[in-house]
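One structure, pasted below without further comment.
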Amino acid sequence: MTPLNPSFAAEVAASFAQQPIMNLIGAQLSLVEPGVIEITLPYRADLAQQHGYLHAGVVTTIADSACGYAAYSLMPAGSEVLSVEFKVNLLRPAQGENFIARAEVIKAGRTLTVVRADVFTVAGDSDRELVATMQGTMICVRKRE
Amino acid sequence: MTPLNPSFAAEVAASFAQQPIMNLIGAQLSLVEPGVIEITLPYRADLAQQHGYLHAGVVTTIADSACGYAAYSLMPAGSEVLSVEFKVNLLRPAQGENFIARAEVIKAGRTLTVVRADVFTVAGDSDRELVATMQGTMICVRKRE
Amino acid sequence: MTPLNPSFAAEVAASFAQQPIMNLIGAQLSLVEPGVIEITLPYRADLAQQHGYLHAGVVTTIADSACGYAAYSLMPAGSEVLSVEFKVNLLRPAQGENFIARAEVIKAGRTLTVVRADVFTVAGDSDRELVATMQGTMICVRKRE
Amino acid sequence: MTPLNPSFAAEVAASFAQQPIMNLIGAQLSLVEPGVIEITLPYRADLAQQHGYLHAGVVTTIADSACGYAAYSLMPAGSEVLSVEFKVNLLRPAQGENFIARAEVIKAGRTLTVVRADVFTVAGDSDRELVATMQGTMICVRKRE
């Protein structure tokens, strides 16, 4: 996919740095390509639900930010991105050392962009195991001057 | 709705207390009735996304826990609850002093329970304003001995 | 809710009459109020899936049209409505003599409108039983001249 | 993916033949592999909504059946499949000569199976264009004797 904004990568990184929640949970931006974003999150016990698995809301937090920035990376300069809706299927208990949310744009539109994100666990060097998948819609709004 | 587990309220409270993420974000269980749960979350700047609104993932976190415990409140003793899937529509920017996620069971089944949660902002004593709504599925699993 | 288009009821009815699929399956518009639409569908064996229940896609067809027209009823004159996305939870086998999809607007926006629809079975004069619920997003597009 | 039921292909075909709605709309089973199903539907004017596009409910009908049979193809003998929930994003107006719904299982479980379906238009020999995508959950129930 061809980005409309030549400085998309810097703007994604700058916006991500302005999401305080990412700092609170310890998430990092690990891949920025046109229409594709990865966010990495090491497991922490204080992010868990009652069984010790990563809470589905935290899984959603990194998937949603990944989707938002995947959409944003294809928007023209001077845009802002907001989440319209998303749906998450939780496939396995979210247990592992590290989690990666990888989002890819399915259809970029002038107003609405549809994005999918998969959230994987990664233990050591082993294969990724899918724990959740998101399908969502992002909206492009013009930045207020 | 009639609870199958007479000590459902104590068990919901005990399980909620074992969700470390609720403590991290400052969420509290504020209503426990059969099939109905409310979770309250005061706004904090470190829970925000890049525009200062509560991150959609945090909105989802309290909505998902509310849905899970609403389902759990109707399950027989010896059950555990897990989220199967949910869908969230974000209706307005999540700005306000306090947020309440209110979940109500739509259909309780032996295996699957369908739940809806609305997330409101509450400023002072004024009316609730809806910021997001979730429709999701929870599954009942038998507790491992 | 206050309609922006004084002739919304006539326009909903006219548009519904232009949906050939409604005629094919035998669905009728049974209630038109601002932000609220009901569509009624008598059971027919040729609308069923392999167990004789109404196919989930047919349940969705009437729910989606009800949601679309509920959104459309609140749009300004000269608008068209399209479905952006919807999510359906199927709560019970869709068996019964008659089905009613009732849609209500949750949040009407200038571009996007969020709508919920419940699909009930109605047997004789007895109570409605909920078989499915939809949560979806509709978009307002200006009619091309 | 490895099928548990050696006669899965015959059973999918037999069950599909028992869905009267598929005959009503003119849909055909065009691919049956373990965990992968395609259903083909030629455009017909009586399946349209008010702008002449295939109604979103019809798009959903073939996507849902494709998802159901993709899940069913991996279930043990003596199972039945029902749809629990699905979410559909509509990406483009559904216009074209032929539509294909292609479903693939993402995660097959003993009780629940998560499936994705893409619906494409195919005009002549040209490339497929994606018009909608579904993410849903199917449930395995034991056949009643």
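Note that the chains are named A, B, C and D in the order they appear, and that numbering of residues resets to 1 at the start of each chain.
Please note the rule applied: contacts are C-beta pairs under 8 Å (C-beta built on N, C-alpha and C of every residue); 3 or more make two chains touch, one makes a residue touch a chain.
Fair warning: this is a prediction, and the values are worked out from it, not measured in the lab.
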Ordered by label, the neighbours common to subunit A and subunit B are C, D
If we define chain centres by averaging CA atoms, which chain lands farthest from subunit C? Would you check?
A
If you average the CA atoms of subunit B and of subunit D, how many Å lie between those two points?
33
Mind checking the centre-to-centre distance between subunit A and subunit D? Centres are C-alpha means, answer in whole Å.
28
Counting only Cα atoms for the centres, state how far subunit C is from subunit D in Å.
22
Among subunit B residues, those touching two or more other chains are 84-85, 87, 89, 137
Would you mind writing out the residues of subunit A in touch with subunit B in their complex?
15-16, 18-21, 23-24, 45-51, 55-58, 60-65, 80, 82-90, 93
For the complex, give me every residue of subunit A touching subunit C.
84-85, 87, 111-112, 137, 139
Flag every residue of subunit A that touches subunit D in the complex, lowest number first.
87, 89, 91-92, 106-107, 114, 116, 130, 133, 135, 137
